[in-house]
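You will see subunit A twice below: alongside subunit B first, and alongside subunit C after that.
Entry: the complex of A and B
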């Protein structure tokens, strides 16, 4: 680190050096952040290919003597009970997250459009009450929602989770999408309507395609939120075959507290779908924030 | 507060008074159809529970949550809370947790966004890697870090011993003095990417001409940042900090999975404490009263949140 700083000024003008000082500070900082971010994940991967015995050693093996995929095989093997459970949890998570995502988009798109375009009485009040939902933690709603789900007969069903998760994503989704619609010129729709389109057609044919990045961002956000949710799933579901991944894994490993390779493998597998999804679609997400929410 | 402004707003638009308002609502009846699904879901899952929580906070409800047998006890639940020593302990923890996590996450995220703003080889990859912790589940993150902090086989302990900085691996999350900072490190690990994304998006709205003009005028890098970039980002910063603060104030998973609030309440924050009171000790009334207090605090924060957001709105309107 210090050598870098010292070699920088050699053979350069003073002005150049000052700019480079910031640049080097930035680079050193990024290296630090990279280590902070990546090392825990690398250690998770290394641990996951150790045997249970190799993981429990001091000092630790930095690289396992005998790397093994046994933990992954165990989790993905439908023949044994661990694999059966894991695959079922995985499927449950996938189902709940997908349904939540689809419903969120269906509910958020028209709402955001209305908040952006129409000026009905109470518009601002309703808009901000929707945003306020973001303020409240799941735990506040747990007891009454638990009672409500009991009344609706939804305890121990995925319906209870989908209904609840819907409201997580909605505020941010509506906020993001509204920003998008604010930036789409009204004239485009007006032109379409002069050409004989109904308001609904103008919305579907003109506005929807233009707001695709926002919709994709909204969908990613809902999916990740639902995939990772823990508290409601932990409280509403008690039957083993209903559990979603975060709760399932926690249940499982509270019984096998020392199987760290298995735990790390499960954590890795749980992260793969959302990380891949996000990395593939992340440019939409950043673009949606830039054009929607953050824009002045 | 919002109700008042909402009504005032409506009146300003509608001028002619009550019958005018009703007529206006009627004229716009089709518009409400667009927002109805969103509002309906919100009402069921939010308004009803809020009402219910307030009601429960004035009752003593038996452990099995048999609502028919609850008895009215006035403000007893509230006085129980304020009199307990755990309350102050937990409140202090929550304060450290929220302020510490929010401030450091924001600073790290903002700095990372600035450092990533200039193009260089591998920027896209680096940005993607830095965002990953935000995407992975908090449950997975908690287990990863619990393993890293492990008192016998943890990698940090091993490194410290290897470097001769400690005689034996320290007990990060089983010790009263280190548990909260250790958990905050995990929380920041998961949260700074959010600040980074928000600030990256914000940085893209800073007009390039303004920065080059400042450069031509001889402003240093720091001056350009302080006088051009930063003022432009004030709104984004406010919203980001508020969202982070609320998320941190409301966090549950990391302390719950990593320590369950222990040892001896050292890592209990409000939310985990409420959860334990309700679903652990089944003190529904006390837990509800806690929730109501929490609600009041959040409404105060929410007031600033809405103000920051409507500051955005106003700007958009005038632009």
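Entry: the complex of A and C
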């Protein structure tokens, strides 16, 4: 009896120590990961408030002697030609990404619902063929899609980008949302239909509100995908007034000498919408990714 | 309230027949239980009545209307689901109000009806809570309330008690029965638990393999099962069914076991056995109709006790006869040990005889 009493706490401390060792290893790993991801962002911010000369200095100024917001003022000034371009690119990106997001929700929600609820011939085949696009690197489709867009007369239009981004974003959106609908008991809709709702009302009033986290996650995903995309925008668009931000930033800052503070300021402002979206909606995003995946 | 008629109802999925030519009438204000093992078609039948799945052929009449092609919302029904199907994002109040809102009732009338239903079901204090904040029994009650609040023609209930723990189940059973008596509601109640069906229903429809086996009052189904399936499904422990062979000599009909023993039948039972299609006859006996003796008695059949289960009120003894399990109930003061030699005496008046080929009950006329 006494031996049991003695050994039990010793076993416990040993286990706690081992767990602590792993926890510290984990923390150190996370700190490195954090530095790895955050340092470039911090350097971007610091550079953006330097003067052009200070940005080129070596050894670098860790904190600028004369911090200035001149780059931001230039970029946001509609009188200035640089500012005009930047604002136009920003608006183009916003337009393309927003339309892509709206369309992708409009398509993905009913598609995922249909895959989840209805049985129709070819359902499984269709569902997996939706994923087919994602089995290949995006670049593979660059030339075929360019030829297709030329035939359709869509080269140098934002339509070509919206269509392309939709095909890239939809597969995951549909899969994510289907997982959501699978987890909503069909009896809820049945109850609503018996309670006096039409099938459509049951979907709008009962199912849609329950799948809001999934819809929000889908929307963020498509928006970020479209907002950051570079290679297709670079290929499909050549007219200066149509460019989106990723391409535009690169275009007008590297003609003669590179204006690093300006480039960094533009990059920073480009990341603002994404970061804001994420911060505001992240709890939905995390909930969606876990809820959709795990069966209750 | 209204009556419900199912006429030659059929539902097929590809080549699989889930519901086969089911015809039955539920009278106005009657409590009918659809009972059977899982996969027997009882829930499918209920869903057909609700309109949640389309019928393959046949007719469903609710009140005076044929509702075959009507949407669920137009059938004037309410349904209680096994998992309650409460709207998780809505409060109890809004759950109860939803069916009334969908029917575009004025706001003050909705409020009156919701509060009335909450009062009847004793859950006024729960109105502002969300379903996930309620216990299983409370959720059950909200589901009942949502059905009740609308005053529908027919209540459909799909295993409403099977998610509750044993004690609560017994309590809710009497509450639902009470609710039926007070409201004179027409109720179709699906369950796999024969005890629920027997205790609550005015009439029970026993189903198996998509077919309606028997539709009668619980007492009738219990006393006169039409076939071996119904006999073994209704009653707990199950009726013992012993396969035997019939023969007649010197005007006496006897049932002989492959084990060597035989049982002489009364005149009435002999007449029943003569109507069997072959010599194969199955003897059915409920646990309470078999007498257990500790010593040889004329007419009693020797057997060995296999298990002995005291439950307090009665002790259940299991034995094997002709390869079949035989359940016998004895008063707790009778001592039987496993592997002990016992003698079983069957009650000629209360035994059941089935055709060994068709599995149908044998009757004298």
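Basically, the second predicted complex is superposed on the first by the 274 of 296 C-alpha atoms of A that agree within 3 Å, B and C clash if a C-alpha of one lies under 4 Å from a C-alpha of the other, contacts with A are read in each partner's own complex, and residues count from 1 in each chain.
Note that in this section a residue touches a chain if its C-beta (ideal position, glycine included) is under 8 Å from a C-beta of that chain, and two chains touch if they have at least 3 such contacts.
Note that the structure is predicted; figures quoted are calculated from it, not measured.
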Check your understanding: First (subunit B), second (subunit C), both or neither: which does A:201 touch?
Key -> second
Query raised in the report: Once the shared chain is lined up, is A:250 touching subunit B (first), subunit C (second), both, or neither of them?
Result: first
Check whether A:49 is in contact with subunit B, with subunit C, with both or with neither, and answer first, second, both or neither.
neither
Legend entry - Touching partner for A:182 - first (subunit B), second (subunit C), both, neither: first
Max touched-residue count on subunit A (subunit B vs subunit C) belongs to chain B
Where does A:226 make contact in the superposed view: on subunit B (first), on subunit C (second), on both, or on neither? neither
Exercise for the section: Classify the contacts of A:190 with the two partner chains as first (subunit B alone), second (subunit C alone), both, or neither. Expected result: second
| request: Check the residue A:210 against both partner chains and state whether it touches subunit B (first), subunit C (second), both, or neither. | output: second
Subunit C contacts subunit A in the complex at 50-52, 71-73, 75, 77-79, 81-83, 85, 87-89, 98-99, 102-103, 146, 150
Subunit B residues touching subunit A in their complex are 2-3, 5-7, 9-10, 13-14, 21, 24-25, 28, 31-35, 37-39, 41-42, 44-46, 48-53, 56, 65, 67, 108, 111-112, 114-116, 118, 126, 128-133, 135-140, 143-145, 147-148, 150, 152-153, 155, 158, 161-162, 169, 189, 192-193, 197-198, 200-202, 204-205, 220-222, 232, 235-236, 239, 243, 246, 249-250, 252-253, 257, 271, 274-275, 278-279, 284, 287-288, 291, 294-295, 298-299, 301-302, 305-306, 309-310, 312, 315-316, 319
Seen from subunit A, its contact residues with subunit C in the complex are 185, 187-188, 190-199, 201, 206, 209-210
The answer for subunit A against subunit B in the complex is residues 18-19, 22-23, 26-27, 29-30, 33-34, 36-38, 40-41, 43-44, 47, 55-60, 106-108, 110-111, 113-115, 118-122, 124-126, 128-148, 163-164, 166-167, 170, 174-175, 182, 224, 227-228, 230-231, 235, 245-246, 249-250, 253, 260, 263-264, 267-268, 270-271, 274-275, 278-279, 282, 285-286, 289-290, 293-296
